[in-house]
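Think of it as A, B, C and D in the order they're written, each chain with its own count starting at 1.
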Amino acid sequence: MLESFIKSLAGVPWLELLITGTVKGSMYALIALGYTMVYGILQMINFANGEIFMIGMFATVFGIALLSSLWGSFAAINLILGVVFAVILASAYGYGSERIAYRRLRNAHILAPLTSAIGLSIVLQQFISNVVGNQPFTFPNYYSDPFAWRVVTLVQGNPATGAGDVGISMLQVCILTTACLLMTALFYMIHCTRVGIAMRAVSQDRLMASLVGIPVNHVIAFTFIVGSSLAAVAGTLFSMYTTTLTWSAGTASGLKAFTAAIIGGIGNIPGAVLGGLLIGIIEDFTIAILGAQWRNVILFAILMLTLILRPRGLLGERVADKV
Amino acid sequence: MSTPEATPAPAPASGPAPGRATAAPWWNAFVPFLVGLVAVLVITFPFIWLRFELQPSGEVYARWDVKGGVDFWQNMGPVCLIGLGIGLLAHAYNAWGLQRYTDQVWLPVKPWTQSLYAPLVAYAVIVAYGFSGHMGFALAPSPTTLNLGIQVGIYMILAMGLNIVIGYTGLLVLGYAGFIAIGAYTFAILQKPDFIPGLPWWAGIPIVFIVGGAVGWLIGLPCIRLRGDYLAIVTLGFAEGVRELAINLEVTGQTSGILLRNASKIGLAPDKPTILAWVLLLVIICAAAIYRIYHSPLGRAWIAIREDEVAAGAMGIPVVRMKLLSFALSSAFAGVGGLLIAAYTGFVSPDVANFNNSVTVLAMVILGGLGSLPGVLLGAGILYLLPELLRGYVDFEYRLMIFGALMIIMMIYRPQGLLGTSRHAIELKGG
Amino acid sequence: MLKLENVHAAYGPVEVLKGINLEINPGEIVALLGANGAGKSTTLLTSAGVVATTGGQIWWEGKPLLRPSPDVVLRQGICLCPEGRHIFPRLTVKENLLSGSYLLPKSRDAAKLDRIFDFFPVLKERLQQLGGTLSGGEQQMLAIGRSLMSEPRLLMLDEPSLGLAPQIVQRIFSIIQTINKEGTPILLVEQNAREALRIAHRGYVIVTGEIVLTDTASSLLNSDEVRRAYLGEDE
Amino acid sequence: MPKQLFLILTLLVGLTFAAGCSKSSDPSTIKIGLAGVQTGNDAMLGKSMVEGSAIALDEWNAKGGILGKKLEAISVDDEGNSEKAVNVANDLVAKGVVAVLGHFNSSCTIPTMRIYNESKILQITPGSTNTKITQEGIPTLFRVVGRDAQQAEVNVNYLFDTLGLRKLAVIHNSTSWGEGIAKEVADLWKKKGGEVVEFSGINEADRDFSANIATIKSKGAQALFGGLMYAQSGPLINKMRKDGLEIPFAGGDGSFDPALITAAGDYATNVFLTFGPDMESKPEARPFYEKYRARYGREPGPYAIYGYAAAQVLLTAMEKAASTDAAKVAEVMHKDTFQTAMGEIAFDEKGDLRKTYFVIWTVKDKKFVVLQQ
């Protein structure tokens, strides 16, 4: 058994897995940022963030469809405006969820907002599955196919087996660039702007922040909006990358993104990015080495190990509230 | 702010304070509600009234879907009204101080010997009714009724088990289905020819109780010291892991699950009234056991931890060990429930560990009353039976949505659940 | 400027303020004295919009004070520097200071910072240090500085001398006086009644949620009752 | 506690009774249960199957019913969940059905078939292909689709013999259907002397296949077999081609849906699926398709005709046996040959079709076409 395992290691396409893992991980990281920001500011898990990601997917296609019905198929403009539409709609959902399900429970026992968040996540997921339907949806090829061309070829393919070249596609480049830009912008916003100072102030001492004149409710709402926007962009990228949209995508990716946030150190923004990339890469290597059926088991094991060995996460600043 | 500083404050001798008399017309209270309604209508609009259509070219167009929109509101309208009604009732219940009166009715604790009389009488009546079909009684229960009774009984055991960890100790477990699956699979695997092919279901109960408890203990060990929400996530991941393990391992029959052989021999009993009698007996045994534990020093330790962990620790309660114990006990009861499911349906598949199952049991506990034994029984009954009653009236697709909405509404208006006590309410709201 | 009229407040069923009447005029330092649990801090918290009133009215410059949340109160010009300083521990000193001027024009920040560094030169040296690493006295200075960043028209200080060395207390009190001389009226709650009355113009004595005594600071300082109860002096 | 418990138990007993008796049924009709998944991912497949059966029952009713009685269809939704399936099966038994046409998912048919057997109810499944089902030896259980083994054989023969490929990668969706067919294919492939270079299961919720594709590519597979539903195989094909993996994709009946072509778009090349023959081109099936479209206003799913044919077989057998007794009807069904919309149907002693009709389909110009009869 060990022998066959080592044998299977030899044929692993390291390079390609590293690329796909990083691409997937950067999308997880975008979702994980939403979890980690809300956790940082409210010390609660916004379970519905995964569903916001899923709503972002559908909102993009709705936006594109609406625009192409209005003025025709202008691929670039429609796609960009579709993303904007998704960001706005997902932000509205994020803000609304904070308003309806969390604001009144801000000072309650930890069980209450958590339960409410799970309820909200179920409501959003079922809402989409009911109104949009269960049949699979495809991201319009008209918009995703133009991104399929290969920018760089890293390994020549093998014509005998029908396996083509290994390389980086335009879409992968776009995903990585977008993710990097958004993360840099977020980092800048948190550390170098007034809103960032206000957000950090609120996360450290909510009452005091209010006493020095920071409108706490607005800042918290803003955090939700930022987190939702990142999740919506991740949704667009993910649906373009995988060419499909499903109502259940939020739970699957959301759980992984959340694991990423914990592994990186929840409440810590660089940690979420690191965790996302790690999870993406580990997941892809597990698929190649052990088989796809084991990846969630492996991820769960990693989560448990992190909690045992380093509960505050890789980059966590402080002990994760051991009570 | 623009008034000169020196002006002395005009203190009106009588009448309402200025600025207040004009600013609060009667409809003021409805403004946020209406704004919220409009906002919800706007942001749900594209998903409800629009459909997108993919063209063969790969382009996508939108079209109005009037029928879909009307259908949605026909389904959701009543649901929204029910939700609103529950919210308003709960609000009124809290606002008018009705809580005090119900506490007087519900709170008194009597010696446990006395408290067994009524359940036993009820049990005798139900079981007699269940068997009345054998005696040719005209109004005898149909197999459907008996089936529902059995399933409700199983879910009552599950909900009581989950209540130990959520209601008593105040820890959230999201992957309860994982523990149910452990129980179900343990029993099913023991049935296999290589193990104990003739194992009767009642002999399996202590085994799954111990196995379930041990697994709970092991899972709880690393994460029970952490904040409550970590536990929630870990258990969620655990359930997913169990599902995948069940899919992948040879011993669990992989995706096709395990079909228990000779169901009538090892299954619960040959006929439904007998099964009902056994399951309800188990419900009573479990309820009595949990009731006794709750009113023992152990139960008081749990409550102390729920109310204030630091203080409980300072008073010498071994917090971590107590939490682990409650977690392990809860998963042990989940194991018993899993065994019953396996023995009754005669089939175990990875579906048992589905997240939906966890949510259903969680919703039962939250609706019925966190920490309230009768409340949890009621919650299990209502949430299992209502969908069956509504079958044919409300689409299944809206059921989970109602569960989710119920969880939000309950948390906002009545976090202690239908029959929970106000002590819990203070803890949840003000803690 | 600020006038509390028969203000009641309660924490749950426990009534803490039972009809407080209090007034602050422009340019004054007013000291609020009382034993532990008498309701001094609650009076400030009520005025700052943290605690809701259950009765009475608070007037600010002739109008009812809007108090839905503390930040709204602050925007009307009343700033509370609460007991225990509450520095944001993981923000730098500069960020702590800047957090005080959220929503105010950025252009005035530099001038305000300079003014605060005039008062507290030590803060300038610590500008990039995390707030949580400062000493108690520096934290108190930072807290007062942060309050000044919001350009208050009334500053409420809750126990600024708590747990500080006498030397630093002296400095802080003198700076409070300077701030007052530059035009900001101050409402001061102090355990250290003697020091407080020394710099104050007027004083109120509060006992179990009610004002029992009000007079100028000098006469309070000389009043037997106050000496006995709050200054710890026997006759 | 006692007072509360008593109140609650009373309430619950009342509720249970109400739920159990909510729908009383008319004793003068012959009741047929139509069971299938009507919610969730496979909703459309199960729904059209049930609708197909319903059309057949209505036709018979229009002709005056059977054995002098009207037929009554009781349609239930098992939600694709085995536990719920047991519930609805009990429900059907309680309502006194004489036969059940269903269920769709193999994971629902397996736990329920015993319930029907114990209650002497005839069962015909129009959609469950798992090989295990007919191995239980239940004499009153039939199916009008082929077994996974038969399907796998057609698939393997095509890839191995016709295309001459030797290295196969297999991927499935971790359901009893997907894993079942994937295992059959892998076993057959090995038996023929081929090499299975990769065998892995993914989750039904998974949509990102890039790592799987990279693995398959690195192992030098010459063809990929997917035990997947169309919701996953479409995106998989799309991604494969974009990532430069041009090997043939083969799949089973679950992938056979126009949605696969929509998802794969221009990349739907080299796709080979096994499914029943082109029903619509058959003259005996055409009236059914017209009727379905007229009645429901949409395209029938691939299993609609199976539901219809199952009902035809059942009702014909009942007429011949002049009884609704499961044992008698089953006897007729085992012996006779039936003319249905799908053509001639005859069952072997296990209840499987004597002759199956799996053929290879491929995609040409964004349409499914039969490649090999």
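What we mean here is this: a residue touches a chain if its C-beta (ideal position, glycine included) is under 8 Å from a C-beta of that chain, and two chains touch if they have at least 3 such contacts.
These figures come from a predicted structure and were not determined experimentally.
**Student:** Taking CA centroids for every chain, report which one is farthest away from subunit B.
**Tutor:** Looking at centroid distances, C is the chain farthest away.
**Student:** Give me the two chains with the most inter-chain contact pairs.
**Tutor:** Most contacting pair of chains: A-B.
**Student:** What is the distance in Å between the mean C-alpha positions of subunit A and subunit C?
**Tutor:** 45
**Student:** So the centre of each chain is just the mean of its C-alpha atoms; given that, what is the distance between subunit A and subunit B in Å?
**Tutor:** Chain centroid spacing, subunit A to subunit B, equals 29 Å.
**Student:** Round to the nearest whole Å and give the separation of the Cα centres of subunit B and subunit C.
**Tutor:** Taking the mean C-alpha position of each chain, the two centres sit 49 Å apart.
**Student:** So what's the Cα centroid distance for subunit B and subunit D, whole Å?
**Tutor:** The computed centroid separation for subunit B versus subunit D comes out at 34 Å.
**Student:** Could you check subunit D for residues that touch two or more other chains and list them?
**Tutor:** Only 39, 174, 201, 203, 262, 265-266 qualify.
**Student:** Identify all positions of subunit C at which a residue touches two or more other chains, and write them in rising order.
**Tutor:** Where subunit C is concerned, no single residue meets two or more other chains.
**Student:** Going by the contact rule already set, what residues in subunit B reach two or more other chains?
**Tutor:** 54, 58, 244, 247-248, 395, 397
**Student:** State the interface residues of subunit A toward subunit D in the complex, per the touch definition above.
**Tutor:** Counting only subunit A, the residues touching subunit D are 11-13, 16-17, 20-21, 23-24, 134-136, 138, 141, 145, 148, 150, 157-158, 161-167, 169, 238, 241-244, 246, 248-249, 251-252, 283-285, 287-288, 291-293, 296.
**Student:** Okay, in this complex, where on subunit A does subunit C touch?
**Tutor:** Within the complex, subunit A touches subunit C at residues 194, 197-198, 200-201, 204-205, 207-217, 317.
**Student:** Show me the residue ranges of subunit B that touch subunit D in the complex, using the header's touch definition.
**Tutor:** 54, 56, 58, 105-106, 109-110, 114-115, 117-119, 121-122, 126, 129, 141-149, 151-152, 244, 247-248, 254-257, 259, 263-264, 291, 341, 344-347, 349-352, 354, 373-374, 377-378, 381-382, 385-386, 388-389, 392, 395-397, 419
**Student:** Taking the complex as given, what residues does subunit B use to touch subunit A?
**Tutor:** Residue list for subunit B touching subunit A: 36, 39-40, 42-44, 46-48, 50, 52-55, 57-63, 68, 72, 75, 166, 170, 172, 174, 222-223, 225-230, 232-234, 236-238, 240-241, 244-245, 247-248, 309-310, 355, 359, 362, 366, 370, 395, 397-398, 400-401, 403-408, 410-412, 415, 427-431.
**Student:** Under the definition above, what is the set of subunit A residues touching subunit B in their complex?
**Tutor:** 44-45, 58-59, 61-62, 64-66, 68-69, 73, 89, 92-93, 96, 99-101, 104-105, 107-116, 118-123, 126-132, 137-138, 140-143, 145, 251, 255, 258-259, 262, 293-294, 296-297, 299-301, 303-304, 307-308, 311, 320-323
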